[in-house]
Amino acid sequence: MSRRWSLQEVAQHDTSSSCWVIIRTKVYDVTTFLSVHPGGADIILRHAGLDVTVEYESIHQPHTLERSLPAESYMGDLNSVAAHRLAQEHALRRGMSDEFCMENNCRKPPIDRVLNLRVMEEAAKSVMSSRAWDYYSSGSDDEITLCENMRAFSRFFFMPRAMMPVSNCDISTTILGFKSSIPVFISGAAGARLGHPLGEANITRGAGRTGIIQMVSSNASLSYAEIAASRISDAQALFFQLYKHTDALAETRIHEVESLGYNAIFLTVDAIVSGFRVREIRDSFVPQGTERASEQTQTPVWHANVSSNVPRAPTTSSRTDEEVVKPTITIATVVKPVDRDMSWERTIPWLRMVSRLPIVIKGIQTVEDAVLAADAGVDGIVVSNHGGRQLEFSLPPIEVLYKIRKQRPDVFGKLEVYLDGGVRRGTDVVKALCLGARAVGLGRPFLFAQSAYGEEGVVQVVRILEREILTTMRLLGASTLKDLEPSLVERVDWQPRYKL
Amino acid sequence: MSRRWSLQEVAQHDTSSSCWVIIRTKVYDVTTFLSVHPGGADIILRHAGLDVTVEYESIHQPHTLERSLPAESYMGDLNSVAAHRLAQEHALRRGMSDEFCMENNCRKPPIDRVLNLRVMEEAAKSVMSSRAWDYYSSGSDDEITLCENMRAFSRFFFMPRAMMPVSNCDISTTILGFKSSIPVFISGAAGARLGHPLGEANITRGAGRTGIIQMVSSNASLSYAEIAASRISDAQALFFQLYKHTDALAETRIHEVESLGYNAIFLTVDAIVSGFRVREIRDSFVPQGTERASEQTQTPVWHANVSSNVPRAPTTSSRTDEEVVKPTITIATVVKPVDRDMSWERTIPWLRMVSRLPIVIKGIQTVEDAVLAADAGVDGIVVSNHGGRQLEFSLPPIEVLYKIRKQRPDVFGKLEVYLDGGVRRGTDVVKALCLGARAVGLGRPFLFAQSAYGEEGVVQVVRILEREILTTMRLLGASTLKDLEPSLVERVDWQPRYKL
Amino acid sequence: MSRRWSLQEVAQHDTSSSCWVIIRTKVYDVTTFLSVHPGGADIILRHAGLDVTVEYESIHQPHTLERSLPAESYMGDLNSVAAHRLAQEHALRRGMSDEFCMENNCRKPPIDRVLNLRVMEEAAKSVMSSRAWDYYSSGSDDEITLCENMRAFSRFFFMPRAMMPVSNCDISTTILGFKSSIPVFISGAAGARLGHPLGEANITRGAGRTGIIQMVSSNASLSYAEIAASRISDAQALFFQLYKHTDALAETRIHEVESLGYNAIFLTVDAIVSGFRVREIRDSFVPQGTERASEQTQTPVWHANVSSNVPRAPTTSSRTDEEVVKPTITIATVVKPVDRDMSWERTIPWLRMVSRLPIVIKGIQTVEDAVLAADAGVDGIVVSNHGGRQLEFSLPPIEVLYKIRKQRPDVFGKLEVYLDGGVRRGTDVVKALCLGARAVGLGRPFLFAQSAYGEEGVVQVVRILEREILTTMRLLGASTLKDLEPSLVERVDWQPRYKL
Amino acid sequence: MSRRWSLQEVAQHDTSSSCWVIIRTKVYDVTTFLSVHPGGADIILRHAGLDVTVEYESIHQPHTLERSLPAESYMGDLNSVAAHRLAQEHALRRGMSDEFCMENNCRKPPIDRVLNLRVMEEAAKSVMSSRAWDYYSSGSDDEITLCENMRAFSRFFFMPRAMMPVSNCDISTTILGFKSSIPVFISGAAGARLGHPLGEANITRGAGRTGIIQMVSSNASLSYAEIAASRISDAQALFFQLYKHTDALAETRIHEVESLGYNAIFLTVDAIVSGFRVREIRDSFVPQGTERASEQTQTPVWHANVSSNVPRAPTTSSRTDEEVVKPTITIATVVKPVDRDMSWERTIPWLRMVSRLPIVIKGIQTVEDAVLAADAGVDGIVVSNHGGRQLEFSLPPIEVLYKIRKQRPDVFGKLEVYLDGGVRRGTDVVKALCLGARAVGLGRPFLFAQSAYGEEGVVQVVRILEREILTTMRLLGASTLKDLEPSLVERVDWQPRYKL
């Protein structure tokens, strides 16, 4: 087991019958792991025989592989030549990245200049790698739903009341009974470490300091325990966004987060297969040669490594060390959930049996399903289309909320209704609350904020929203969230110029 | 008959009373053919006395002329000087074209990077001649219908259902009883050889390999027999798109395709005269001198050869060989059908008498005509406006389908309803199926695909659509095509930003 | 009377108590004429004491002044120095203009390349002076109505019928009983000589050759007699567009055109004051010095000469010959009509008394006024907002026609209804006819056509429209104009991308 | 008290327990004033220890501070070194500013070329400092309401009547019984001296000369007395726009303006907290060093001084004279009103008790509040959203007016209804009057006009509107304002291309 390997030797194990990978300087045989990998075998096979350190570390929680693999999978270390070559390689890649970021970090505005969430997004874009940017910002297909989610809010106008006493204006609330300083929570989003080395911990600490609640994704890039440990106090509430794979895996996870003190389960139902986000996919096409420590100048030759429909180009077993350094991976394929056969009849009762935490269904898009959720007795729903990352031509959540309000207002009395998707302004938050939402979630803005400014960015987002919500409430003539009612909002029949 | 001719001699036969043309090195007297040419006399007269090799070969099926002309029309060959000059000419034109294409072929992405049909279109544009591009991509007048066909789909949004078991998802179907792997067929489109030397055969083989059905245009650039011979097996279904000229000619054609094993007749009713596609027309204006092997530098002088309203510039009979090399032709004028007096009363019974194949009417644009078609007992209709190439300001087909669904849903029980025009995404396909279509046709995307990548391009289009349809179905909560029903789709009252 | 004058001497008569002007080399005292000038005294006073040859000749019919002035107004000729200076001046201005036009004329496409009216407009723009272009193409205020007139047509879509016999398709009609080869007439428009030296005669001859009818503006730049004399036969119909000033002047004019053989009176009611067309106005701001034959280089000093609200800059009586050459005038101010107190009760009976010609009211914009016109017993109405040149935010004529069709379809049985404004395509014509118009008028396209190509341009416009109307009719399934009915057209609820 | 101070000495008093400022060369201790400053303590504390001459003089009425402070606050003058340094500083800043303006003033068009209000705005932009421009032109958040206010007018079209006698057309009216030459008043707007040294006096004189009425803002940059003294006669009416702070302060102000001869109180109810105008805020971020008379070249370091959420960077007490010259201030924070607890029940009766002037409520945005205002017996309302500077997503005023017209037309009989926000054209004015407004207000256009041309600019705006209103009325067939009725206007269901 303590044999030393050359890159060439490892590279020969590049098939499903013998599949090895390199992480740091260690060599693993993952052949038996292929069939149980949540992200599917394909994504690993594409990197068979290669160094996957960067891909692995930017996505997985620490020790995921070690925990999943039997001890005998560890095949030993690289020899010194190979280790040195890869170290050079990593240094080069990190170096370029660091330089790039340093230069850009000078360009980003000081945080107190970040006056709204649009500026925050621009700041993030200026410091993030294009790959991370694309993963965070992309939507499915032509990104019509992504765009319409935001644009839809601009069709809702206010009908503010004059002469209402508003000097005392309270915008705190509870979500599932847990206190929140503003009617906003952080929606689950994967891979925070793509944008900032401290990842989800930035969000946890920022949420704790400002008194709002974070929903942690199943696909977080820190472990659930690390995130729980980042709380500013044990009283800080955390929600868990469950991507359900097998019953067993889900149960294990739920019990893990329960024991860590998480406070609710948000079952995601709008992502049973992954939307097709072309910018994300394209980033995985990497010109061979550009990422290598090759001494010879070489014209880049493009290779594809995504669509399972496309047969992989045959590779010779005589590849040199230079040739095998072939990175790239897409996150979408890794995080894809497994259970495509959830149902109201089976899944909710099972979940109630597995856990006593409050249950919220995330991804409701029709009036009918809102009613079914109420009938199923869950504690809440999130009207959401997964931020435009899943089904293209999903209705904007604010439109769905408006339909529920008009067709089945009784639903709002039966469970808590939340919304996420396209919220960028305090006015957006207030509109949703007028139509019946108890709180709204934001995902990307918090990812952007922690990417650009770490924990302080998260705090700044809350400060901005707080100011905007307060101003909007007062100018509406509302002094508590209870004053926000449907009559204060009107859906207009024209499309304002939405400047995005 | 074996006399040798100079270009000047041939050029003197440039009137309707004596009209000669050159194909390769052969000289034909087509005077008596003028009155029976399906494309009309004008288009030939514009080339009277000239070499028409390039025009002829890029459009017509092989031996069309020989089959149509009596033997005595062959007047002999060009003399060696004339033949040499034309050969130089052809080489020059081909050469420029080849160079252009080679250079561009390097620029087009590898096929596995073609992730959606928009990219496929761009790839095709980068390798096609501008003339072929214009013929394929143009629409009539201001191309408003062309654009709206696509844009209309973006006003239809989904109302997906959560918690539906979809691990097994079957998207195969039958069209007129013939199996199709996905609910998509290839709509008839002329002139595939304009984009690729193998022409329609690319499409036939691609369709065969992926299990979908091709509709072959009357104006295909390969013979119907050549196309039939390109099938991957005798069991592969083919549909025939009939442009009806005289009864006799139509009958001959129908019997020909019947005997070749074609499986249905799609009678085209939306093209009794040709729409005016300005880009196509403009391409036929060629500067004299730029396409000639002239030794003297000459300022290009523009000449028009399109509108029959515009009297042709008088030509002297003393033209030299240099002057008579005047190519250019528009396809639109060639393919224009003749029978402008079809009627429900006469044409359908006649067609039933002539053939026992299933009959589908292609080009239905109103609820009334959908009902009339059902009453006439045909087997199907294609809701279509000919891809925006005919009547400008035709309603987008998805809008017409929506009207039929709302006003006369009984029609869907009486015949199979298809749609073509503007379909570019799996979401488009699924929307049409939700509203009642059994399958949808795509024309241009397949032409583009075979132009850029030949047969593999056609396969790739099917793979893309398959993936997109499957993803859309599952995210909608539908596991079979039968689950696609009107309640899953909503027409919204705003116009999304459609990024084309 | 035969005294010779210097420019300085004439220039001293620059007040309302002594107002002289120079035309060619003749000097006139127009003091007594000031109060009766249809265009008002202001416009003349702004040129008092100056040479007005260019302004006068590009706008007025020949001999207008001589006919209006008593013989004693002629004060004699310029002296030779003054005449020579002005001749130089004119030559310079003409020369620049000629050179400019010659250069541009090379750029305009050959007429048979002008495939639609948009291209015609571009061709005209490329050869016209910017002043003429601005006069023809401008609309009032922000040109919203100008733009919406055209854009409105794009909201009307066709519902074409299949399987209708259309091999014989007749698009000729009658207008007020006079034959027209297509359902189109030429709407009255002033100042054709601004665009082409032969002016309105181009239009008259083009109309005659193609069998359509011209409406001649009161403000034509040729005399009514010259226009009548340009007809290709005495049988060619002409309509007269009456801008009514005083009853007496109107009566004189009507009797003049009656005796010249004009066939109908189109009374203009939407231009009792002039719209404010900013591009036209701006062209009248001319930098002093740039248009002068000055020997010294001089920084241009801007002077305004338009708004009557703005007091004119005081001028010294010691102006030199150089200083007094100060041209510029706006046509809008010249052609403004006078009678602002027309009424249904008074004006129509008076007009019937004055003339036995058919009477059409031009400028109807409401259902109510269409009904009043029918009640008043006139022979026809033109639904029109003066091509967007008058009241900004007038409804597009096709929208007004649609309202009449829906609210008072009986109107179409009582008089002939025409429309003008925004018609640029055969589809536009057919849409209007489907909704009940008997014919539609086009103004600017004919002005543009004659500016670019003279008489042949006018013919080409008719040929284009003929082709477009025929194609549209056949593809609609209509073989006569009677077949065009409301059910063939639908107003859609979205705004197509109108590419202007 | 006559001690002389260095800049360093003054700079040490930079806390809330000892807060000094410099105005001209005088030093004041404003510590006790902090708690009563209408703009709040923060804004002063940010300048504690510094020279505030420029900030103070461009915003405040003269002697505001002296009147508010006890005599003992005056701490003496600067010493000669300090005074000299600041004088240099001021000269430098003024100089740059002057140079900039002189250069730009050459570029602005002569006033008689300013043919509409859009051109006036451009002219102003070309001569104003960017800070003044931003203050005048900005709106809250994404400036959607700012933009929609104007754009909304373009959805209202006219239905003009033909054949109506309009030679006599009278557009004068009364507002609250006071004569107005056109149905337009000048809406209150703060800080006219930002744009022009003579400030509000330009507006007062321009209004007087043209016979319209000015509404003077509580936050005018001249004293109410100076403005009153600028009237062209004692008969010239003035309205007072009241931002209500404490009852006592409001009462004092009201009695002051009453005694000065002001004629009505416009109580502002849509600005109880300030909207967030990002351009205004951003202008307050000034790079340290760029505004200093520093001898050393220094990289600018950005500092924030706006959001109260952002803790101020700690400052050392050892700052040198150079370091303490740190200007910048935002007007928004200064003018924020105080009373956030106004109510119909309390505030209107109190106001009636305090004053016998007519009372108008400015900032009504719903039908309900229009009715409440009528019930409360006030004399008028201004339908307004504060020009898009306050609540983002307020409905455009013309839309609110349209709703009142449709739902509660009785309101127009009970009080006078005005409108402001987005009015830029005579057509806008006439549309509002057709829907029931008695007059409309314009704010920014008058600020722009006086910034570019002083008093003459104000006159020119009135002349432009007068011409546009007259033309619109006549072309509508209306000869008095009473003729303007709802039937002349229609709200269309499409969005015209509004060219802004």
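Chains here go by letter, A, B, C and D, matching the order in which they are written, and residues are numbered from 1 within each.
Here is the rule we go by: contacts are C-beta pairs under 8 Å (C-beta built on N, C-alpha and C of every residue); 3 or more make two chains touch, one makes a residue touch a chain.
Being a predicted model, the structure only gives us computed values, none of them experimental.
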Moving only to chains each one touches, count the minimum steps from chain A until you reach chain C.
2
Numbering shared by both copies at the chain C-chain B contact, with half separating same from different
different
Cα-centroid distance, chain C relative to chain D, in whole angstrom
45
With centres defined as the mean C-alpha position, give me the chain B-chain D separation in Å.
64
Chain B residues counted as touching two or more neighbouring chains:
493, 495
Which pairs of chains touch one another in this structure?
A-B, A-D, B-C, C-D
Which residues of chain D touch chain C once you look at their complex with the stated criterion?
109-110, 112-113, 115-116, 118, 154, 156-167, 425, 427, 431, 463, 466-468, 470-472, 474-476, 490, 492-499
In the complex, go through chain A and note every residue touching chain B.
141-144, 147-148, 151, 155, 269-270, 272-276, 278, 281-282, 285, 302, 304, 306-307, 309-310, 340-344, 347, 361, 363-366, 368-369, 372, 390-395, 399, 493, 495
